[in-house]
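Presented sequentially are two complexes of subunit A, the first with subunit B as partner and the second with subunit C.
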Partner chain A sequence: MVESLLSVTMRSLYVSSASSLIAFVVAIALSFYITRMGKRIVEMVTGIFEALVGVPTTAIGLVVYMLLYPGGPLGPLRILYTPYAIIFGEFFVALPVAFTFMIRHVHSAREYVRELVLSLGGLEKQVAAFLLRELTPVLLSSYLLAFSRAIGELGVALIAGGGIEGYTNVLTTAIAIQTSIGNYEYAIYLGLILILITVAIVLSLKILGEYIIWR
Partner chain B sequence: MKQALMYSLVIVAIIVAGVAGFFVGYYYGGHREAGMQTNSIVVSTTTSLYQIGILNSFFNEFRNLTKLNVQFNVLAKGSGEALRLLSDGSACIGFTHAPSLELQYMNQGKIERLAIFGYNEFIIVGPPDDPANVSKASDAVDAFKRIYEAGEKGLAKFVSRGDMSGTNVRELQLWKLLKLNPEGRPWYLKSGQGMAQTLLMADNLKAYTLTDVGSYLNLKSQGKLSNLADLKRDFKYLINVYAMYLSKAPSCDNQFTWYVAYKLRDYVMNQGQDLLNNKYKGLVNPAKGNETMVEEAWRSLTKLG
Partner chain C sequence: MEIELRNVWHSYDGFTYALKDINLNFKKPGLYIVVGPNGAGKTTLLKIVSLILKPSQGFVLVNNKDFWKLKEDEKTVIRRDIVFVHDKPILLRGTVKYNIEIGLTIRNAYNTATLNYYVNKYGLEEILNRSSHKLSAGQAKIVSIVRALVLNPYVLILDEPFTFLDETRQNLLLEEIKNRVKENKITIVATHYMYKELVETSNNIIEIISGKIKYST
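So, the complex of A and B:
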């Protein structure tokens, strides 16, 4: 009756990597756009996003439900209780994390990389390439952070996804639902998998961190 | 140079892992795309029916008998939330057991009752040594009074669901009948969780709680409850009636949904009743043969409290 651990895990990976990839791309675009607009605006936008990092995912889940339910503004899309609803909601969970992590680095790097490249006799068109090379570790860490936030959140997946077995059941909702029907053993296996995944992410973050310092 | 090599290796490894995770997950994770929009129906249900496994048995047999190609997406929630989802049109078919709430939504014209298909009873469970003498109570209301008094003396605790589920609604009705309000008393604990977690919590705290008999027996048979005994049954106040509903929200107003809903009703009231009788007797009893009794019970429950 209970669906296999593998398929729940795989669905979880699919949903959270999709949402964090989208959030990541948007965060890059946003941070590059914002950093062109002067220090004041950067500070302001960063402050807003820093505040958003702390919003409970259940609150985001409720807002997403209100948007997506059949009478809501996005109701005609008919994506409530599908994986797309979770991807949509987890995008808002992952975006602030990815953005706040990368914005300061992008902001400072833009200034010094350009000066450095030009003063060493580089060309204007080489600046972008160096900037990208310089920022790669930061961008990767911010992607991983966004991913681990998305895979570990419960609120959106439960409220907008519904935890439908065989369709929208991800690791966290499976833990919640199996716990609520007293099936603790199965929930513990799921919990262990979730811990393994997040630990793996933190470890790779650490390794990346080493190289940021080394640089 | 060695460090630079390591560095690029790590990055490549992470990118490969991320992209591979995405695609493997995409193909493996039961990504049901074909026909998803057309032949699936969202069903909200009280957790107890899901936990006992009745709903899955119903749906499997229904599909086998009718050969209909329909996918039921089951949301296991408390009755309060399940009914809210029905009235929103987020779910189209619902299985619940909270008559007074159900009547409210029916009066608002948001849901339509398809059938009352089964019943069992709530029981008061608590520590086997029974410090509140619940087992000697004359009826359920008296039992709650005893728990209240014992609680005030510091002898007993009570765990409430606190989530507007069918069980919680019934418990609140009983307190209301007593004209006692346990809200905020130190011995009155709200779990805010499902029935299984509430039972386990009561078990760990050696506390009393109200539960449907199905969830209790299901957990008891798995050996997960060691400090709880079945102390008081009272068919008059504690009958538990399960009914199924169809949402009247515009999002459910299409031929397919209505066809399946009425087909499902016919199945549940015929072959489904035999299934309950053969496989789930004692956990949830079929309404067949007792139609007037359950209808009467449902009606009187809507008036309680």
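So, the complex of A and C:
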């Protein structure tokens, strides 16, 4: 008896949304902070994150496993082979994608938004609010990229989550496991759901951004 | 309000200087015209006078106090008397109305009467709900000017304000500048072209070439 498609899908959505949301918030805070430190620092940090985008998710999964296994530095948290381990690992998968996409936009927009706010008698602390509003479509896109990367990755979900049926099994691990045991029909359904979710979310948010937010 | 630049130098890259040893003061009310060719340093000078750009070297004195050594809240109080209009209009994502109201929102000083007066005067009623990204260069320019005018600042600094404007709006703006002179306010205009009416209104002409003051009355 295999787990229902709905159950796997819901878990996948939950884990990927949580990890990409945390990565997204951290990326915003980091990019807003870094852009205050000058162009050279921005270039340097961006270069590091760009390199991290290319790191295979299996390598990230391995690092996360070493951090979380019982004898590891974060072992006492006892979250290995739980959905939290996947969220933790996918955070590192999603963060470089979200950060590298938004940092250049934040850097260029910060300059003119700051000048405008100050030239109209505003405070330094008001700049961030106007910047967030100005960059809403860009931020939305960076969240989408982070989410797409998180929901589509296999390495972390398999190594840190273990693909335990009914507990840590997500769409990608389920596809891998069902294919390996020859249950191709089920694996194809899962694959189609994964593609549909990704395309539907990306399209709907793009439409939202294009016609409602980007005015 | 008195603004004075003392031995001001500014470099964006640390190697070449956009401004070299500038000594100027804007103490008396009236119209100050800053002229000079493209790349002479006019915009950099205006940004420093507007107190939004800290010079690399030298002092910016406001009422005889070093502005850049003041506390943030003191800086804000002073900045609220000065409004700078960029050469290339900076319009944020949103409608024309939103953009015109930004300064009022920032200052928490919404004034419908003044807003309507300038919107009507410059003929912006029909584009108030239009997206700022769908404006022509002239429309964007006038929106950024109106956004500054509704704040009625003591010091108004305009960088190439007549570029892209049609003749009617150029005349309206010239009239506005003359009125400000009559009201004993400070208006600083940077331009690469000496408008006759503008020169007639001003006793203070500053010529800047290659970052240096060549001539100042």
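Annotations
Quick note on the criterion: the second predicted complex is superposed on the first by the 187 of 215 C-alpha atoms of A that agree within 3 Å, B and C clash if a C-alpha of one lies under 4 Å from a C-alpha of the other, contacts with A are read in each partner's own complex, and residues count from 1 in each chain.
Basically, contacts are C-beta pairs under 8 Å (C-beta built on N, C-alpha and C of every residue); 3 or more make two chains touch, one makes a residue touch a chain.
Because the structure is predicted, anything quoted here is derived from the model rather than measured.
Contact with neither subunit B nor subunit C is seen for A:I22 once the two complexes are overlaid on the shared chain. In the superposed pair of complexes, A:V113 makes contact with subunit C only, with no contact to subunit B.
In the superposition on chain A, no contact is made by A:V127 with either subunit B or subunit C.
In the superposed model, A:T136 makes contact with both subunit B and subunit C.
According to the touch criterion, the shared surface of subunit A, contacted by subunit B in one complex and subunit C in the other, consists of residues 136-137, 214.
On the subunit A side of its complex with subunit C, the touching residues are 112-113, 115-124, 126, 130, 133-134, 136-137, 214-215. Put simply, subunit A touches subunit B in their complex at residues 1, 3, 6-7, 10-15, 17-18, 21, 65, 69-71, 75, 78, 80-83, 136-137, 140, 143-144, 147, 162-168, 177, 179-182, 184, 204, 207-208, 211, 214.
Listing the residues of subunit B that touch subunit A in their complex gives 3, 7, 10-11, 14-15, 18, 21-22, 24-26, 28-32, 36-37, 42, 47, 50-51, 53, 56, 73-76, 88-90, 193-194, 196-197, 199-200, 218-219, 222, 224, 249-251. Residue ranges on subunit C touching subunit A, taken from their complex, read 47, 50-52, 72, 76, 79-80, 82-86, 90, 92-95, 102-103, 106-107, 131, 147-148, 151, 153.
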